[in-house]
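Here it is, the structure, as structure tokens.
Letters A, B, C and D name the chains as they come in the text, with residue numbers starting at 1 for each one.
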Amino acid sequence: MASKALAIIAGVGPGTGASIAKKFAKTYSVVVLARNPDNFDPVVQEINASGGQAFGISTDVSDSKSVNAAFDKIAAQYPSSKVAAAVFNPGGGFVRKPFLELTEQDYSIALASQAQGAFNFAQRSLPLLLDSRESSEYPPTLIFTGATASVKGSANFAAFASGKFALRALAQSLAREFGPQGVHVSHTIIDGIIDIPRTKAWANEHVDGKLSPDAIADSYWYLHTQPRTTFAFELDLRPYVEKW
Amino acid sequence: MASKALAIIAGVGPGTGASIAKKFAKTYSVVVLARNPDNFDPVVQEINASGGQAFGISTDVSDSKSVNAAFDKIAAQYPSSKVAAAVFNPGGGFVRKPFLELTEQDYSIALASQAQGAFNFAQRSLPLLLDSRESSEYPPTLIFTGATASVKGSANFAAFASGKFALRALAQSLAREFGPQGVHVSHTIIDGIIDIPRTKAWANEHVDGKLSPDAIADSYWYLHTQPRTTFAFELDLRPYVEKW
Amino acid sequence: MASKALAIIAGVGPGTGASIAKKFAKTYSVVVLARNPDNFDPVVQEINASGGQAFGISTDVSDSKSVNAAFDKIAAQYPSSKVAAAVFNPGGGFVRKPFLELTEQDYSIALASQAQGAFNFAQRSLPLLLDSRESSEYPPTLIFTGATASVKGSANFAAFASGKFALRALAQSLAREFGPQGVHVSHTIIDGIIDIPRTKAWANEHVDGKLSPDAIADSYWYLHTQPRTTFAFELDLRPYVEKW
Amino acid sequence: MASKALAIIAGVGPGTGASIAKKFAKTYSVVVLARNPDNFDPVVQEINASGGQAFGISTDVSDSKSVNAAFDKIAAQYPSSKVAAAVFNPGGGFVRKPFLELTEQDYSIALASQAQGAFNFAQRSLPLLLDSRESSEYPPTLIFTGATASVKGSANFAAFASGKFALRALAQSLAREFGPQGVHVSHTIIDGIIDIPRTKAWANEHVDGKLSPDAIADSYWYLHTQPRTTFAFELDLRPYVEKW
């Protein structure tokens, strides 16, 4: 089992990240990264309890030392495993405020969590993905999670949109550089409220008007399984009732 | 078997359309529309020979009378079938010429094939899709096939890009109107050369540098099976080596 | 005076077209085209009364015969004049309806007015613009007027958005083909209500919350006067209070 | 003269920034900010020598302390002047490298120069621009300079494109928040090589195939003078021969 391929998922809480981890755990060993172990412990236990393999590492993606330590730990833990997929599903940096009430730190945290974090994660993931091209059933895949704020800089979203636009630029640039090398780089635009514990109470006139984390995870798996003749770069996902 | 649900596919030749028909024929009876029966006869025979159900109707999508006759024929042929999916995959109107060499007809044919044809097809499909919401396993789906020219008006592509931009506008408008009513409307951007008999001879430095029609069809099926909590509107598909 | 350069403006009513005509009439003889002479007569008279030169020709831009007749008339009227600028500012094809209430004609008129009309106009304008490169003070210019619907296919705007998307595709393609030949092709996105007689009664909480036709005309003149080292292709214009 | 309005321009070297400073100096006192005084000294001297008023402050826009010190100095120097315009024309952070050769610092500098720098500059400029609404002849204006990399993440441009995408997000968000308050926020996309001393030697088959800094400056002035009924948000500028 040591040589089962890996999926590394950064940004795992009780929502999309957990669903992605469970989906990819049906085929791969999964490593989940989040700052707070409380966020990944339940999904790690759930996967291991149901016959899969999961492993969590407390990681601050915005800190390259922390990211390097996590990847070193992965290499030590799975010395003979190839990395089939890496997902960057960051949670940090969200803030909604009038611009003149934003602090310098609000803005820098958004850039650090979304953009610099993605840089750190991609720097360590891409060599591993390149290295798994021969052995992978599907083209090795790097997916970045975007949001409405990835393509629209709304009022009061200056910080978060800056981070998400930057993340999308990074994803585009990597897709153009690494696609021809056989690595599938994708970016999703999650446009709507995700149906997770934290949003349960949020009013919604439609009972099924929120995005399903499991359906998002199915999309990521679908992207991962595309052959390299037919790569999608960008996928926008929203509830059927969403205004856009 | 009369009540097996239908998929109606407009624009079926020996490429993407045939692959989509075969993919959807695994679950549905398929009706394929093309101007020239020579284009759909092989796939109709192949599907029927392999245990599926297929039916071809010679149709000029740019002519509303022809589209109406086709849909009337479908209703007569399958009086108790619901329509689960409709795909508009038009072939006409492609022309690449310096602008001042374009004829008035070159331009009007591109608009007629791509935009007016899509209008005609959507006018007849949407009532049927709305009518199948209760009975469908998956949300009823209307997919339009776009191209690079859907988002970029390149030099010498004035006619084709006008048709493809118009088609994308139609798709967006329908997604916003019919999504909240439970019909999934999607648009794909096929960005690259498709690997079909006609393009076999086209030079390509990479042996797998062309889009696979079967993989495109898998994408259409994936879009069709998304739950309505998590609809994708737009998907861009290109070979890994494509410049974009 | 016969050799004063010309500006040809298609789509002139008591709004943007009239303002553009008056702005360009300060430097050029202007020819204004509209279906109904009632639409251009006032501005023709105003320009001629104030020392400028204006001439109106009843023209249906969606009909190539009518466009050809108009350009033949211009050539006869101004045998030695060069064309410095051409503006396509079409009015037709606007319709806002649920999709299933749109008629085939609603849709085809939108395509004909916006896209085929622009094609007809560009086919006759571009040879004249190319011919004036040597003699023009500013690079000869072809400007197309777009709208919100040029970049967003909203619900109930399927027809108009199809026409406007197609027009933008045409403009992009021409900019890429004729820019390198020294003709400046631009496209504007007029995103908001224009302050014209017809919209006077439209409620607006802000006294200056509508676009000024004269300010739009200033923008067109600004685009026209850009040197070819520094061409703008696209300009979005909206009132300061507009939501976008 | 103390009450002449101010234009504050960040990012002034011997190119666009200098041209913008000279253009705005015809009407306003200008304050130019750049890290290295060698970059702004020549234009400050030129403006002052020709009857204008200019003042340079060595500033690192990516450092909020430095930006705060600069604005405090401006307040001390011009205690009774209103700020009519602010331009963020950053130079830093450009790097073109394969992704795996980028250092963490390459990436963070791009974000700091383009995005965090723009945040720092806008935090101090916007209160001054809001304060000048009553007294200004033209709506107070904040312009950000973008590039091709603002809308396209090309291979080998991961760092620079991340910074430029983030900057565009910020500009959009500010336009949507401060436009309705009467401040004109714009973003330009400079798509091509600018004709400055540093690029003189760069091969170009066309003698006039580079962007003119003076024409860019004219565009900024044009944006500044638009009435608030008719604001442009985004303007793309490129040489006539540019491929795009």
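The rule is short, and it goes like this: a contact is a pair of C-beta atoms (placed from the backbone, for glycine too) under 8 Å apart; a residue touches a chain by one contact, two chains touch by 3 or more.
Computed from a predicted model, the values in this text were never measured in an experiment.
Visitor: Trace the shortest sequence of touching chains from chain A to chain C and report its length in steps.
Guide: Minimum number of steps from chain A to chain C: 2.
Visitor: Farthest chain from chain D, comparing Cα centres?
Guide: If we average the C-alpha coordinates per chain, B ends up farthest from chain D.
Visitor: Which pair, B-C or A-B, has more C-beta contacts?
Guide: B-C
Visitor: Centroid from C-alpha atoms only, then distance chain B to chain D, rounded to Å. What do you get?
Guide: 46
Visitor: Approximately how many whole Å separate the CA-defined centres of chain A and chain B?
Guide: The mean C-alpha positions of chain A and chain B differ by 32 Å.
Visitor: Indicate the whole-number Å distance between the mean C-alpha point of chain B and the mean C-alpha point of chain C.
Guide: 34
Visitor: Can you list the chain A residues in contact with two or more other chains?
Guide: In chain A, the residues touching two or more other chains are 176.
Visitor: Tell me, which pairs of chains are in touch?
Guide: Once each pair is checked, the touching ones are A-B, A-D, B-C, C-D.
Visitor: What residues of chain C sit close enough to touch chain B in their complex?
Guide: That would be residues 64, 98-100, 102, 104, 107-108, 111, 115-116, 119-120, 122-123, 126-127, 149, 152-158, 161-174, 176-178 of chain C.
Visitor: For chain C, which residues are in contact with chain D within the complex?
Guide: Against chain D, the touching part of chain C is residues 139, 176, 179-180, 182, 184, 195, 208-212, 215-216, 218-219, 222, 226-242, 244.
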